[in-house]
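Listed below are the structures to be examined.
In the two complexes that follow, chain A is the common piece, with chain B as its partner first and chain C second.
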Partner chain A sequence: MQMQFHYVSRLLVTVPWIAISVACGPIAPDRPSEATLIYLAEDVPAGLDYDGPAAALPTSQTGMVNLMEPLIGYAYGDENEDGVALPDFETFAPRLSESWRYNEARRSWVFKLREGVFSCAGNELTADDVVYTFARGKSVSGAIPVGWFLASTAGVSGFDASVFEDEAARVIGDAVRRVDRYTVEIRVSGRNALFLPIMTTYGMLIFDSKETQKHATDDDPWAHDYVNNVTAPGFGPYCLERWAKNDMFVMRANENYYRGAPALKRVVIKRIPQSSNRFILVKSGEADMAERLTPREFSALADVDGARVAGVVGNETLFLHMNFKTPPFDNLKFREAIARALPTEKIIRNGYFGEARAWRGVTPSTYPGFVDALDEDYYDPDAARRLLAEAGFPEGEGLRGFQESLRLAYVAEKEATLGPIATMLQTALREIGVPVELDPIPLTQYGDRQLVKKDLPFALNDQEKPVVVDAGYALSLFFASPDAGGINNMVNVADPSVDAAALAAASLPAGEERAARIADGQRRLAEIVAWAPVVEYRTQWAVRDHVSGLTWHPDNAVRFADLEIAR
Partner chain B sequence: MSVAVHDAPAAGDGLLKIGAIIVGLMTFLAIFGPVIAPYDPTAATDTVSTPPPPLIDWPRLFIAQFDPEIPAPHWFGVDAAGLDVFSRTISAPRTDLLIALTATAFSFVIGVTLGALAGFFRHWSTELLMRASDILQSFPVFISAMILVALAGRSGVNIVLAMTLLYSPIFIRLTRAEVMSLRNRGFVEAARATGVSERNIVFRYVLPNALGPAAAQASVTIGFAILLTAGLSFVGAGVRPPTPEWGLMIANGASQIVLGDWWPSLFPGAAISITVFGFASLGHALERRYGR
Partner chain C sequence: MMGRFIIRRLAVGGIQLFVLIIAVFLLIRLLPADPVARFVGLNASPEAYAAAKSNLGLDQSIPKQLGDFLGVTGGDGLLQGSLGRSWVTGDAVAAEVARALPVTLELLTYSFLLACIIGVPLGVLGAVRPGGAADKGTLVFGLFAGSQPEFSWAIMFIFVFFVVLGIAPGPLGRLSPLTDPPTAITGFMTIDGLLAGRPGVTAEAVRYLSLPVLTQAFILSGPIIKMVRQNMAEALQADFVLYARAAGLPERQVALSALHAAFAPSMTLIGVLYGFMLGGAVLIESVFSLGGIGQYAIRSILAFDYPAIQGVVLIISAISLIVYLLIDILHAALDPRAAL
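Let's turn to the complex of A and B:
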């Protein structure tokens, strides 16, 4: 039969290949030179303003971090088995600032900036650029106040909720001030352990204030429209050459880049929405790199000559979201029954083809402060059945009345990856008596219900990553109640001890007490089954063999300046 | 789809037989498919993306099935979610045929009734009905169905309702034309002369004589309704996964083709083709035999 279908198989592969070639046209406007890299993504950046509406999109973040630069970053240590350099989360490295220190007496951080750092527009970095960046964040004038939120979480003085009530509170004042041309002081409420990790993130990238201000208008004094839709003026390794939304994003090297001009002189990010098309194009050598293939496609690429898969267990996880406000998920024993019925090993084997590992906590295990809160033998269908009976639903009896709640939602655009896993979970849950239906919904609808309405009863989620590398930050972000400052508490957990842990994480300096409080918070979250963790999966890229130098960052965006290409 | 129809009666008989056999088989599967399927069509097995066994092994594997200890082979392979493609392919007619038959039946009943009234009575309301039908038919059926299902929600009932709305004008127009050609015939005048009410004339004398074209069209419409059901699922506007449904199976299998996995989409694709061919053949044969 296989022989007979040989031609059919070839035909089925060839026809889509021809169709893709015709549909895509040439991937780049011209054939790549030695120093041009073609990178395929689900989309090109939708916006470049981190206070803008597209800030949360990974593709937008890829654009931001390659055009702009933070004050500090993480030091990089050894490469892993895939040749990906990993950050050392305990050690910060100079970026735009060459040194920094905490002034206990003044409760402030003082950053000494590098001299001779120039933007794509030719402007030199000064303390004014840092002051402008913080002032812009505090203005809360963008669509989403990411800059304000991160500065607030870092404990920067004056970045509190009053900015939403009082226009006068939106002025930066002396919270961030220029000491001299290359020195800036940032006042804080105390020695907050999150301050330095937050300074490494995409939401704290420094603007070229002169260039940005040129594009300010009376209606838009902080130039959000320009930054979001034209370019983000910064001091990063690349300058934007061409940006056709929904199609292509082309960057050229910033020859003035302070760490030396990037080896890749041109980067073409091309939108190829279907992962199977990205797979084919990397496989055939038409593209140099691709992101977000399905686990099966990554697995298949391992056998392809000239291409490889590079990855890292970073901060991407898969979990079940069960809304505390929606019956029957308001029942702890029911939530625990669900969590114990999840066939983790099967999902690792059949859903991720071995490129994942069991997740036994609520924060990424690679982050400082992670607590392994679940037993090795947590998966236990018999215990799940027992718990289901104790919850009042023996063998699933009585659950038919919760048909709407038991629809397992997931992002429809991720069907190729999440669909098979959702089916495996559905099968496992039906085996213990829980009549689950699958409900793939569009990303926009999913995001609205998760982040804004917070009314998704039951969902399979693989897209949450705490961008600040700290378990305490993850607690604050995902599990603190709204009263305690939680902004992405999608399951509506409201637990006083979790809130206390989140508060401690945001206010205590690094040390044993803070670590203990954060650990207690994580154990409590595991106890009340705030999320049902499934796996931590590898963040992967399909890479042609001639590309090297990949580094991993917690935002999962590729830093093209680190790459080298040898055709 | 178009089916070549030859004038020779033997060809018409052949089409009728082929169509009847296919429709009979699909009806059988719609009733018994999930029962005779070797695996639960919605439950993931322990393997994924497994090809069908080589054809040469099929006789041996078939004979081995008489031993209850030996698990059933995955005749059509296993898809990326671990679902048995054979079990899903033979269970899908229950979904596809049920939706197509129900939608066609509703369209037929509504369309024929309204068409008969519109053809027999001359009134502003019947003109309004025809203009509404024109408007409905001026939009592409697939796009309209997609919009309607998106607005109403993703469920089998809503797909049936959307199809009923979109296919009814076909039957309205066919029946109206037929009734208009019959309403001045002698037997109608005779009935009227004997005092039969207008309503009885329509439903007892005219309509039975006007049903032929609509009945022949019904079979073809079922084929199109199957295609539409599958098409809606293919674009993510049909039934929810992992319901066994051919369009959904093709959609899920399509992304695997580049990896060399031809089996998850080939078998449901073939099943759709055969089924639509069967209904179209039957429709054409019936039209030739009992047509206008």
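Let's turn to the complex of A and C:
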């Protein structure tokens, strides 16, 4: 009763004040004096556990990489013309670990950790945190075993499929062990070239084990629920201040951050689902940065005073997917005819407003080991018509019987970007006689048919980004046959030369022999037209002029600690 | 008699809800995709895929999954008040719905209030003086409001009031991103601000809500005006009105009597519209970044997030049934023949 009276009295006093305030108050509150950045995104992190259900979502990864740290990273190299610092993929840089070495005799990597690194909870980083992180991955107790998968690919001892059958195999044992307070040893099956690149990825971020274990329960001994829904305890530059799923994600600078407290004291990631709204909010100055505008909106922002577009040709690509198991795509001449009819320059000009470049390979050209496997004048509609005839379909004759296969699928949620490009491709292919129909389908259905059923006959794909920076990894991931360990061989390539190259990539140490085998594999893939590459498009952000210090990383997540703001 | 009427309606509503739950549970499992692929992402091995499928419970038979959902197999389910956990966020569906639903209810409640404040008097005026200036004006307004889809008006209003005139906040949601929201008590930002003793937050929430409410009310007022005008016009032709006029009652009193008769069918249609808009406000929510139940439903459907879809359908259906029940009770109170 007293409480009700309290509320009623408040109501009576404040209603007139509110009426005046609504009528006369400022449209938006003033900016606080501390350096705060408002970042607009399609979504906010849905979960923070990289072994959790939201791990595959790019926005979730943005949360993880700003709250947690890896053992090592890449050194920053030069800045590009937009002022974005690019990583030097040939040089690993210390992060939580200050040095590392491979011990040939013990087949192990030994990491010496930095001293005096503190988490948001005030706990100091020790070897126990690294052991805990690997033990958690090996427990395969989360919704999705990402940590296990990456450690397995890196060749860490004991991270094999037995963990799914045998509970005893889920114990970390001496595969990862504490040598002393600041030294940890990770045993591996051999000197795998992928080990160090994998240690830089979001699936190898190190947990603050003390804080995480505080939230373990009998039902959830690895605290997946806490990490996924409350916060990811780590040693990163930011601490989570507030998180409303589907709405907002607010981080505050970790003043104990070992690389120095971030210049941006507060970062507000706000969900604005419509790209046009993100555009006008950056344009008007109500927000400082935005991601994932359409190419047209990015282009329009170039003329706006006070804002700019910053971007990088990183690892985002567009290609045509043609399924080797589905006629007429089982015919090499037919695949080549399609590939040669793709109007790359037109797509760059009209689909990406110039913010893309021709792609002539099957791995991102920025990755070490990329091979430029196609001629400059690969686009040749006359050659495409000739190849079509050689394939048995002169002027497209006989293709009416393949209507289902010639439905060009793409992700419906990306209609604003992919729709116009799909239409350009449809027009170009019809000009040589291939009767293509467009088939936008939901992302989940697309993913199911691509990753699980592998029965998509023909598709336009702009979402494959190998998380590990290595051409050999991309080769194994996308093109090795299942017998050779292929996982996401979406077009069902089965070629002994490619399988051999993938095997070499996975087993040989870094060096000339491995590089040569990977290069051979890429040339072979170009010969058999495994994918029809179209363009590498720029990963871009809309940025107000007072924001500087952007860096690019292969997960395409912004590192807010690198940014500075000058008002 | 009214008590029996309510009990009968509740019983029928309960059966409808149960049938709907089972139908939705089965129908979403007929969708043409396996949701696991989306969750495992690009780098999943067959073992990881199998582990994920098992974690989501999709390796179980359909009857077992249904039993788990209903809570009759030992774990927490519907009978224990649990809607399960979202496959996208891992959070409890009930908690997510509890966050999203008030956003939509707040938008719709204020929009309907505003639409009724504008629409009912205009509809009455149009019927009382057919062919008059008010009648012609409301006809043009009704046609104008219904001439374009709501998102189109929303974008136009943002352009005019935010971009050009600069007198409304941008489409940033319910509050500025720089403002800490008050603790959720009712979920209505405008009320929670008051309850927390932060009238500034309420004022800000009113400002941020003004454009979406204006847009939604603009769209809703068209059909409300038409409904009220038509029902009022019919009531004015009724015998009791003829008798009232013959008896020499003042025109104002005659109009009030006619409005009483026109009110019941109008309320029914407004109630139906409210129930429909619970899921149908998604475009306004999306354009103004409001994060309501409509957007939550769309996100869940696109992600094939079965527990979230089931939860949203259940909650929206339950609210619609309650709204319809309230309308029926109101209708029965205004016209006791309806309760027979």
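Methods note: the second predicted complex is superposed on the first by the 533 of 567 C-alpha atoms of A that agree within 3 Å, B and C clash if a C-alpha of one lies under 4 Å from a C-alpha of the other, contacts with A are read in each partner's own complex, and residues count from 1 in each chain.
Please note the rule applied: a residue touches a chain if its C-beta (ideal position, glycine included) is under 8 Å from a C-beta of that chain, and two chains touch if they have at least 3 such contacts.
In this text the structure is predicted, and so the values were computed from the model without any measurement.
Peer 1: I'd like to know which partner A:A161 touches here: chain B for first, chain C for second, both or neither.
Peer 2: A:A161 contacts chain C only, not chain B.
Peer 1: Does chain B (first) or chain C (second) touch A:F279, or do both, or does neither?
Peer 2: A:F279 contacts chain B only, not chain C.
Peer 1: Touch check for A:A416: first (chain B), second (chain C), both, or neither?
Peer 2: first
Peer 1: Please work out whether A:M248 is in contact with chain B alone, chain C alone, both, or neither, and reply first, second, both or neither.
Peer 2: It touches chain C, and chain B stays clear.
Peer 1: In the overlaid three-chain picture, which partner chain does A:K214 touch, first (chain B) or second (chain C), both, or neither?
Peer 2: neither
Peer 1: Looking at the overlay, does A:E297 come into contact with chain B only (first), chain C only (second), both, or neither?
Peer 2: A:E297: touches chain B, not chain C.
Peer 1: Now for A:P440: first (chain B), second (chain C), both, or neither, which partner does it touch?
Peer 2: Touch status of A:P440: first partner only.
Peer 1: Return first, second, both or neither, reflecting whether A:Q426 touches chain B, chain C, both chains, or no partner chain.
Peer 2: first
Peer 1: On chain A, which partner's contacts cover more residues, chain B's or chain C's?
Peer 2: Here the partner covering more residues of chain A is C.
Peer 1: Does the superposition put A:R106 against chain B (first), chain C (second), both, or neither?
Peer 2: In the superposition, A:R106 contacts neither chain B nor chain C.
Peer 1: Return the residues of chain A at which the contacts from chain B and from chain C coincide.
Peer 2: 17, 274, 276-277, 280
Peer 1: Quick one: which bits of chain B touch chain A in the complex? Just the residue numbers, please.
Peer 2: 42-44, 46-49, 51-56, 58, 79-83, 236, 240-242, 252, 255-260, 262, 266
Peer 1: Touching residues of chain C toward chain A in the complex: what are they?
Peer 2: It is residues 31-52, 55-56, 86-91, 96, 99-100, 155, 158, 162-163, 166-173, 176-181, 194-195, 197, 199-200, 202-204, 206-207, 210, 286-287, 289, 291, 295-296, 299, 302-304 of chain C that touch chain A.
Peer 1: Spell out the part of chain A that touches chain B in their complex, as residue ranges.
Peer 2: 1-5, 8-9, 12-13, 16-17, 274-277, 279-280, 294, 296-297, 300, 346, 350, 412, 415-416, 419-420, 422-424, 426-427, 430, 437-440
Peer 1: Across the complex, what residues on chain A touch chain C?
Peer 2: It is residues 7, 10-11, 14-15, 17-18, 21-22, 25, 27-29, 31-32, 36, 38, 46-47, 49, 52-57, 140, 142-146, 148-150, 152-153, 161, 164, 224-225, 228-229, 242, 244-248, 268, 270-274, 276-277, 280-281, 284, 286-287, 413, 442-445, 447-453, 464-465, 467, 477, 487-488 of chain A that touch chain C.
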